[in-house]
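The two complexes that follow have chain A in common; it is paired with chain B in the first and with chain C in the second.
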Partner chain A sequence: MKTRGRAGVWAWRIAILVAILVAWEYLTGIKAISRTPGLYWIDPFFVSRPSAIARRFVFLMSDNVRLPLWKMALSTVQSTLWGFLVGISTGFVAGLLLGRSDRAARVFDPFIVAFNSLPRIALVPLITMVFGFGLLAKIVLAWSIVFFIVFFNTFQGARSVDADLISSARFLGASEGQILRTVIVPSTLAWTFASLTPSISFALIGVVVGEFIGGESGGGLGYLIIQSLGTLNAGT
Partner chain B sequence: MMVALVVLGLIGIVMALGIRQIEVRLLRWRPEYQKR
Partner chain C sequence: MSRVRIAIRGLTKTFRQGPREVPAVAAVSFDVHDGEFVAIVGPSGCGKSTILNMIGSLVEPTGGEILFDGERVSARPAPQIGYVFQKDTVFPWRTVERNIALGLEYRGLGRAEIAARVREAVALAGLEGFEQAFPATLSGGMRQRVALMRSLVVDPEILLMDEPFGALDTHTKLNLHAELLGLWGARRQTVVFVTHDLSEAITLADRIVVMTRRLGRIKLVYDVKLPRPHDVIGLRESAEYLKEYGEIWHALGEELQERAAS
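On to the complex of A and B.
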């Protein structure tokens, strides 16, 4: 019964996707009002059509271009994963340290709030100047976003560890290191794990924004988008 | 541009689903997330 229900959901999803693609393919280029110039249901200049996109995809994947599409995608994925990994590890450590130390949390609070309030996109030129046009600048940008998501979650998690559990562990003779390892870190990790899914999406956003400006040498899908804008080749 | 957007969308979906699977597996060892 459960399998049938799941198959039904998938069938609906595929049907909706096919309906969208078919409508997109056939409505593109058809004029909404026949005598009005340039008024289409879907303007081919801006959004192209699925068949043309598929042809362009095959061309960009081939060796006829300077940098094949798969290499660009690989560069984006690589930067995203590195930014994500470095962001979650540093965010977790910083959140745990500040979450367990009232004094450190009070001291660093204004700096963290100030840096987090800065729009990351404003930092792109500076980060590109400091770290160059390669992979590192994109990783740093992704890190600067992921770090704060993980940091705030871990910080909150470290603050909300059950005090009774810590007292019980201490009463049973556990050392501070053992309390950290067996009580605080496991309790905090649940909060950190909850921030992983939004973090990967934001890491990807950071990398693509970084590629808009600094993608020349390493490529990347953000660079491909900006290149298309430069040649007014928005459709395909 | 549309090719890049489609590929980016696919990468985003695959990454988000992958991380969600990892998240579910990591949370499974906690008693409150275990299946009864």
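On to the complex of A and C.
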């Protein structure tokens, strides 16, 4: 029953996908009844067609183009991963430090709130100015978003470590370092892990936006998108 | 009588609630002898847990002193103390085995020795087959067994227990009483056990400190005269048990009446 259920779900998914592609391909092919030639009900100039996209995809993947799609995709993925990894590690350490020190948390609180309420996109020009048109600027942008997501979660987690767990470790003879390692870090990690899923998608957003502005030396899918906008090419 | 292990002298604690000072423990004095099992009994809010927390250095006294073997306790828990909380303090991210191993790891013991002592503790607590289980998959009784073994495996000389079986059903509780008495009989740790359950106190303790309902004073200290070792379930039907229960219950009953009158 179970396997049949799963097969049924997949059958439905594939059927829906095929239906969408067929409708897209077919509907964008209907010409409007008009004296003006080349007029469509749904104009493939704006929404393209699956067949055109497939052709364009193959073309862009080839090494015949100056900026092959796979190279640009690789650059985007790499920058995302770097921003993600650096954002997680710095966010985790900062969240843990501030979460465990009431004084530091109080001192830094207004700065953190101020910086976090700043829309990160507004920083793109500044980051580009400082880090140049290149890989680094994209990574820094992704980092600045991921850092705060991970930081706030870790900070909450570090502040809500059960005091009785710490006491019980102390009664078992734990030193402060051992308490950090065996109680505070593991119990905080649960909160940090919860922030990883949104972090990866936000890292990607940061990178793509960085690429919108970053120009050719930064490359990436965001650059290809902006380039296509410049040539009004939706994929034909 | 054996030597005094823990001496409590004029122990006082007041908590600040805004501008008001609320007394929790007022000038309490009693001794706990070496190898003795003492229970502190009283209605909730009588300050019994606060006394235990002061013995364990979790709460700082406002006045009076606590002496271990004649020396004042420090701000940090003394290394010879084990503490079992009412709340579940088993680490949820560690298996049963690794929870029990905690204190041994903190002491930097070798792997082989840790493994041997954990195996022994697991067998004593009847947790065989659950070594690799995570606490979330265990019942409340088993988790509290893990917490108890985790405290005992490092061989503490003094064991402080704050209503450790408070959240368990009667049947599980009785089983754990028998196990605790068995373990205690073998090692004779000095135990201070806080509970609101009078029958639990009579079953386990050599001496019972009965607290007044308010103002955190000692109502009376009662010597339990039941022969040891005893069978925790059969005990409840014995005449001696019922007599002792009646006497203390009478004293506690006065406390409850005082509350109604006030």
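Methods note: the second predicted complex is superposed on the first by the 220 of 236 C-alpha atoms of A that agree within 3 Å, B and C clash if a C-alpha of one lies under 4 Å from a C-alpha of the other, contacts with A are read in each partner's own complex, and residues count from 1 in each chain.
As a working rule, contacts are C-beta pairs under 8 Å (C-beta built on N, C-alpha and C of every residue); 3 or more make two chains touch, one makes a residue touch a chain.
Quick caveat: nothing in here was measured; it's all calculated off a predicted structure.
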Per the contact definition in the header, classify A:17: touching chain B only (first), chain C only (second), both, or neither.
neither
Looking at the overlay, what does A:27 touch: chain B (first), chain C (second), both, or neither?
neither
Looking at the overlay, what does A:130 touch: chain B (first), chain C (second), both, or neither?
neither
For A:183, select first, second, both or neither according to whether it touches chain B, chain C, the two together, or no partner.
second
Is A:118 contacted by the first partner chain B, the second partner chain C, both or neither?
neither
So, does A:171 touch the first partner chain B, the second partner chain C, both, or neither?
second
Chain A contact check, chain B vs chain C, more residues touched by chain B
Would you please give the residues of chain A that touch chain B in one complex and also touch chain C in the other complex?
186, 190
Can you list the chain C residues touching chain A in their complex?
56, 58, 76-77, 79, 81-83, 85, 87, 89, 91, 93, 102-103, 105-107, 147, 150-151, 154
Where on chain B does chain A make contact in their complex?
1-8, 11-12, 15-16, 19-20, 22-23, 26-27, 30
If you look only at chain A, which of its residues touch chain C in the complex?
162, 164-165, 167-175, 178, 182-183, 186-187, 190
What residues of chain A sit close enough to touch chain B in their complex?
47-48, 53, 56-57, 60, 69, 72-73, 76-77, 80, 186, 189-190, 193-194, 196-197, 199-201, 204, 208, 221-222, 224-225, 228-229, 233-236
